[in-house]
Structure formats: structure tokens, C-alpha cells
Amino acid sequence: MRILFIGDVVGQLGLKLVQRYLPELKRQLKPQVTIVNGENIADGKGITEKLYKALLQAGTDVVTLGNHAFRKRDILDFIDDAAKLVRPANFPAGVPGTGYTIVNVNQTKLAVINLQGRIFLDAIDDPFTVADQLLTEILKVTPLVFVDFHGEVTSEKLALAYYLDGRVSAVIGTHTHVQTNDARILPEGTAFLSDVGMTGSYEGILGVKKEPVIHNFLTRLPARFEPIEEGTGQLGACYIDIDEKTGQAKKIKTIRIDRDFPLFEV
Amino acid sequence: MRILFIGDVVGQLGLKLVQRYLPELKRQLKPQVTIVNGENIADGKGITEKLYKALLQAGTDVVTLGNHAFRKRDILDFIDDAAKLVRPANFPAGVPGTGYTIVNVNQTKLAVINLQGRIFLDAIDDPFTVADQLLTEILKVTPLVFVDFHGEVTSEKLALAYYLDGRVSAVIGTHTHVQTNDARILPEGTAFLSDVGMTGSYEGILGVKKEPVIHNFLTRLPARFEPIEEGTGQLGACYIDIDEKTGQAKKIKTIRIDRDFPLFEV
Amino acid sequence: MRILFIGDVVGQLGLKLVQRYLPELKRQLKPQVTIVNGENIADGKGITEKLYKALLQAGTDVVTLGNHAFRKRDILDFIDDAAKLVRPANFPAGVPGTGYTIVNVNQTKLAVINLQGRIFLDAIDDPFTVADQLLTEILKVTPLVFVDFHGEVTSEKLALAYYLDGRVSAVIGTHTHVQTNDARILPEGTAFLSDVGMTGSYEGILGVKKEPVIHNFLTRLPARFEPIEEGTGQLGACYIDIDEKTGQAKKIKTIRIDRDFPLFEV
Amino acid sequence: MRILFIGDVVGQLGLKLVQRYLPELKRQLKPQVTIVNGENIADGKGITEKLYKALLQAGTDVVTLGNHAFRKRDILDFIDDAAKLVRPANFPAGVPGTGYTIVNVNQTKLAVINLQGRIFLDAIDDPFTVADQLLTEILKVTPLVFVDFHGEVTSEKLALAYYLDGRVSAVIGTHTHVQTNDARILPEGTAFLSDVGMTGSYEGILGVKKEPVIHNFLTRLPARFEPIEEGTGQLGACYIDIDEKTGQAKKIKTIRIDRDFPLFEV
């Protein structure tokens, strides 16, 4: 099974990039499943039902989230009915939504888990322990497990990946909005990438206008960070090939589409 | 002018990798200047005079540091005489050592600045303002300026790079120990890379043994993190080509040497 | 000279408490100068011109601020003309407003400085160094210096107080909204109190409604924190007696007015 | 039942202060139970078996801990046999030691729980949820429950206290080492105090020498913080009177013993 994963989609421009490049990526790469992190699609923070559906319509099978999951209150109205939307599984008990979903792909099933790191992020439940608990359920159903680990620091991402090595097919990081160059298969067969990068403007800072960010660093005055909605874009992604019998990853490759790396180089 | 920059060298294994691969990298790439971040060379945290000299002897022209600069007290004994050792320039006034140095390369001069971010790191002086101050001096001497920006978060790194765009030749990040895949030339001619990655073990977590790191995440009990000193290694680096007249970057390329990407693919 | 200092005034209820109790406090304590921290007066975060003027009209001589100083954008319209409004002096250069002011009291002058800590707060300029710089100017004018040190952690507050001991008349903490029980005169004559406490509702959590705060801790979902604007209140304050010749503090006493400690016990 | 609670005992001087003042406090206040926070007794960080026993011998019934609980590795050798030693209950599963203990006092039983906050401290398990779980067990045995909540920020302390209001007898904060002046009985009968303060030197900063702390703030260079082991001391404490039938608190009073507030004023 080949999984295509696209990193944090920022704003309308991010959505447009998915709509524009996903068909071409599918033609070239022929993934069976496409997963997209959508935590920044609504004005840079959060998601709405309309945008969730737009992602599905663009060809996405599952939408993952992160620390901005609940920024738009609209999510509370539809998350419990959104079968293909997962928010970090280690949010405390009682929080709406689900932390994983299972996708049927021909005769096989793929579990998609969303987890969030705790270093320099909110103190939610322990992602290591929650992963253990979820895997007790999931591994009865399928050995194919994809984890979007939304986190800030590299040590936590690598630690979770090694901790889950051999038990899941892939641990792919999101949140920093910058793709890392460390894709590899860990010793027990788990594909790993610290961060897949983002999808949105190529011009600003992580998808938002650069002037307010720089002004905020210079003055520490409150600032409003707005996504850049036009101009040249970037798409950060990766694909992973998984052995459908064992769930082990066989290959992982990063994809970077932008002015400097046009699609044709994929 | 071509600059070769090698990221955070961790422990004895990191030093060995520099000793082994730097000659070959020089033969292939023919850089005029080699800069190495050495903040983790002494047991994973800090640097000693012996190790500083070992880096120079291995072919390094300038050694930069970071948040671990002063972890080994030995540094206080030699830093003020170490002409090719720079620690973050935005440490408060009165801290030993210097924040930049100038290297003579044939007829030209290259300034090497070390700066440190403040997000999720110690509150030292403002790197943006300190950069402004240093450039007032430096730009009288040379337009060729290399900045090692040691920081945790991607937004701060991009913000500083855009802030200095056109005023320095390159802003290259260190500290996360994971190479990013976002090398590019910014609009006004500054080469940028969020993080160049590390040089040391390829097996553990950021150069140190993985079991104590995972145990620490699982229990939050105190842990001792030790560099892995044997086994397979990785070297994270990049090179930048600079126009010696204008100081503008013309090219930036990342280098990753490890089991999956052997040297010959450089 | 006797200084009366009232801690973080939260919302309309906080203002009403100042209006109601300040006249009585003045009658009983006869302070020459009244200083009030107003960073939370506008809806819990920030200040407006109208509310600044209401504080002056209620009998305040100087209004200090803190990390919420610039939360209401209105402040940018009037701060540069507000002679009796000081924001943390260690905000970066270029930020509107001033970090200290001098009040004329009969034949003497009192300098009022506002500083902000950096531990668990934004990385602004170093409060220790900025204090040194300001004192170089101020001590030429007057030895009577009051410092409102707005900070989170006790170690930083005590460290700054000891650092300034003998050079200023008082270092009084704000920001935690809880009055501490450690008022004293340091060895060289500086009055110190880790935190003077807040002025606003006595019922909720630090002046705001308790349900959203608890819900936020339980779920880590985004929350809106609103000041409680009715019901029983509390006023946190202290007074300091200063020798007008030397600037040394002679006495410091905390004041707590609430249901459990009514005014008459002052 | 009257409980006497003494805050973070720092170093040998802290122990000496307990040994010297506890007998006198017992004579005057006649508490049935004495609880002491001992997380800083061993050189300022951690505890050893010898020091734990010294606290018991000095008249302590239960010793609580905090974020420094496991700093001295010696604790791993004796914590599982130390019947009267409790470490924060919300450390992850598998961590040695226990999070609560039950003390027999004549015909009644008092449960003593230790919990730790997560704001600006390590991400351990949720103290709110863990408290719920423990109370399910404990309230079958006794309605008398004392909670030492070891935390940094005032909002988290108040939030937990309100959350547990009416279900426990007292929520008393530790960790900041500065006694707060906000002791009170919450609406449903739980006694609350944000922080009880520390026991150790009165001269330095939170029990340790002040010069290294100030130097560290000025330079951000690594520093060694050592407890002050001689000179004048302070003892921070409080006592709470509980209705033995209902578990509700009837009275809470802070105690501060130091040069400025000698014992006789208790």
C-alpha cells in the first residue's frame, strides 16, 4: 500500500495547492490512500466543516489535525459526525472527536492515528501511553498503522518513533511547517520523518505574512498573523510504501513542490 | 567564495566523522572556508580546548557554538584566546568570548557571526538587534557575512533570515540536530536553511543513546543523556557559494552523509 | 514619604473597588503618592484611555502596566501623551510609551519604574541591565525610586530586588494576582514584596470566572476568560514609608481587603 | 483535627529549623498531624533516606515531595518502603513510590495526597483527573483529605482547589518557596492557600545563595545553586482545623517564623 501524506495546509492558498497538485501527484504516484493535515486551513488556525469537505472533495481520504484543532468553534458542531477527521488522540477524555480512524483500502485496512507532542505545547495526555492503548485495539484489526505526530521538538518525535518502531508502519511529524531531510526506515520497519512540512505560501513565514511576525519579534507587541492567500506556493508531502502483510514500511520519500523544486522533479 | 558548514558535532564520534569526511568533502567541493558548530563535542554538551584544537586540526577554519557553549567550565580558560571560536553574540555584555570573527580568504574577508534564538531557549539579548549592531561594524569591513543562527523554532529562524535578507550572505540554522529540506536563496540574496543537522551517531536520538531519552519521556524521571560513541554515523552539512563582490549568495546545497545517503552521492 | 501601591486592577469591578476603597485608604494611611497597576482593567487584558483617566480621577497618581499592556490597541493612541502611565521599561527600543515617570511630591521627587520579568514571559530586554541604565539617569534627580516588577517567578523577583538593594526604595512584584506574605526591608534599605496581589472579584480565579478556567485545564480546549464584574471583591495593596533624604525604606506593610479581611482591620 | 503543614525544607539549615521550632509549634498549636514538604532537603534538590528519617524523628508524620523528588538517586532505594513518604501522585504509571498515604489519628483517618502542577513544569499526568481517581478510593475510607499541590502558577492552584472544593479538606500549594497571603475557606468547605512558603535560610534567594542566582540572571551562564547552611532562618507553615465528621475545614491560618516575625507572634 502506498500512502501519500501532505503537511499542514495553510489557508485558502493551501487548499488551492492541494486542489491543483493532488490530482497530478495521484497520477504520478498512484497512492491508495491520501492523508492531509488540515489544522491551519481556516484562516491559519483551525478548520470548518466546509473546508474539511473541500479537502475530501479534493481527493483526501483522511484529515488530521494538531494544536490548532479547536481554534474555530465551528468544529464542535461537526467533528463528532466527521468520519474521516481525526484530532490528536491524546487530548483529555471528554474532548469531542476521535483520535484515530480506520480506512478500508480494497481488502486491507489502514489505521490513521493523530498524536500531539507535549514539549513546548499544551500539557495533554502522554502520547506514548495513549499510543500503547490505541495499538492494543488497532493491532487486532490491522497491522497497517499511520501516525501523524504533531510536535515541536525533534527529540520527542524521534523518541516516539523509536518507541513505536515495529508496531506501526509510519511516524511522520507535522507542526513545524518545515520539511526535514531525515526520512528513513527505522530498524524494526517503521518509516520516519521528523516533519513533512507545510502547504501554502512560499513567500512568508510558515504560510503567514512575514512583516507582522518580524515586527512581533522586534517589539514583542501583540500581532495578528494572517495567511498569505496569493502568490507563489509550496507543498510539503511524503509517500510511504507499506507491506500489506506485515505493516512494515518498505520505502519513504519526501516531496517538495515549490518554485525551486517544481512538480516535475517529483 | 564557497563556504562549507557542518552542523552540531556530537561527542568523539562526531569528531571522528569530521576527521574522516572533511578531507573528502574538501577534495570534492573545494570550499575556501570551513565552519563547524562544536557546541556538543565534549560529551554532548560544551567544548574543551583540546577538542577545539582537534576541530581546527581536522581542517576547520571557524568553530561556532550555541546554548551549550559554556557547559564545560574549561571554556572559560581558553575562549578569550581562541581566535577562531565564536559563541552566540547575543549573550549579555560581560560574558567571555566573542560573537563574531573575521577570516581572511585570499584577498577577501568573511565575517562569521553566531547568534542564538530566544523562543524556548534562555532569555538572552535580542538577536535581531544584536545583528543590526554587529553589521554596522562588519559591513564596513566586508559584505561577506555568514550567520549560524542557533535556535529551536522555525518561525524565529525564518524571521531573522528575512530580517537580514540582503545584508548577510547566509543565515543557517543549528540546534535541532535534524537537517531541514528548505534550502533556498531569499529574494534579496541571503542563503537560508532552517537547520543544517548534526554530526554524530545515526542510531540514537540526536546523537545520544535512545533508551534514556525514551525512559525520560515515559517517566519524567531525571536522566543522563550520553553521546553514542560508536556504530554508524551521520554528517549534516551544507555549502553556499557567495559572490565576493556583493556578498550575495548564488547557491546553497545541503549535504547529508549517512548509511542511507553515502558520501558518493554528495 | 508614604507610597500606597494597589495591585492589578481587573475589570470594571476592580475599578469600582479602587473608587470605593481608595478614599478610605487615603484617609487612614495618608499616603503622599498612590500607584496602581492597571494592566487588567480593560476586560481583563489591557487598558483604554477612558479607564486610565478613571483611575487618575479615582485618586491615582501613577498607573503601571505589565505583560498585557498592549492588549487593547487603543493604548497606541494615547500612551505617548499619558504622562502618568508607565509600561515595562524593558520593552524593546521603539515600543511606544515610557518605562518610568517622575512625580513631584511637595519638595521631593519620586521616580516610578515599571519592569517585567522574562522567566515564563516574553523575551524582552534584560530587566537587570535596563534598571542599571535607568538608575544612571534617575539617581541624578532623586534617590526615591519605586519599582513595580511584573513577573511570574519568585526567584527572579528576589534576584532583582537584591540586585537593586540600596539603589531603589522599593521593589514590589505584580502579575501573579496573589498577595505574598514576605514583605520586608532588605539589608541595604530596599523594601520588597514578591507580589502585592490583585484588585477585582474575590470569587473566581485571579479575577476571572472560574468555570472556563477549570474547563480549560480539564480539556485544554481554547477558552475565553472574562472578568467577573459583580459580587464580592478583593483589593490587594501595600504601603511603604521612605526616608526622603536617603531614599531608604523604613517600613512596608501589606493590605488585603476582602470578605475575610474587611477594611477596618487595615 | 488540626493539621500542621510546613513548606519546602531546604538543606541542613531547613532541617535544623524544623528540629528547633516543631516542638514549640506543637506545644502551642497541638496539631494531631504534622506534614512537611521535603523535596529540597538534600542539598537543595531531592531527599535521602537519612534525611527522610531525620524529618520523621523531628516529629513529622508525613513527608511530601515535588518536582525535585527524584533528584537524588538514593530515593529509588527506599521510596517503596517509606510508608510516610509521598511523591506527586500524577507521575506516570510505573514510577516508584506512592502518591498518597493514610494516617491513623486516634479513631479517624487522614489521607495525604501529593499532586504536581503542569504549567511551566514537566508534562506528567493530569492532576485534576488523577485527583478524581484517587478520591474514588479514598472517600470510601475517610472524608479527611489533605492535598499538597506542588505548582508554579496561581491560576492552576486556584483552579484545582475550586475543582476539589467540598471533596477534600485542604488544598495547600508548595514550590514557589514564598508564602502567600490568601488563606481562606472556599465555599464548599475546602481550605486553600496558594503557597505555604519555605523553611531554610532567610538571607538568600528561596533558600540558596543569592550571588550565583543573580550572576545567572545577568549572564545566563550555567550556575550551581547551593543552599545556605548557616545564618538566620525562616519557617513557612500553616495549620488547618478540620471537622472530623464531614472533612470540611473550619479554619486556616498561616505561620511565618523569621527575624521579622519571631515565633512568639504565632
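Here are a few things to note about the model shown:
Each chain carries a letter (A, B, C and D) given by its place in the written order, and its residues are counted from 1.
What we mean here is this: a contact is a pair of C-beta atoms (placed from the backbone, for glycine too) under 8 Å apart; a residue touches a chain by one contact, two chains touch by 3 or more.
Because the structure is predicted, anything quoted here is derived from the model rather than measured.
Superposing the C-alpha atoms of chain B onto chain C requires a rotation of 180 degrees, rounded to the nearest 5.
A straight line joining the Cα centres of chain B and chain D is 44 Å long. Chain contacts: chain D has residues 92, 123, 126, 129, 218 touching two or more partner chains.
Chain contacts here are complete: no pair of chains fails to touch.
Those residues of chain D whose C-beta lies close enough to touch chain A in the complex are 92-93, 118-119, 123, 125-126, 129. Listing the residues of chain C that touch chain D in their complex gives 120, 126, 128-129, 152-156, 158-160, 162-163, 176-182, 184, 194-195, 197, 205-206, 210, 213-214, 217-218, 254, 256, 260.
Chain A meets chain C in the complex at residues 70-71, 91-92, 94-95, 122-124, 218-222.
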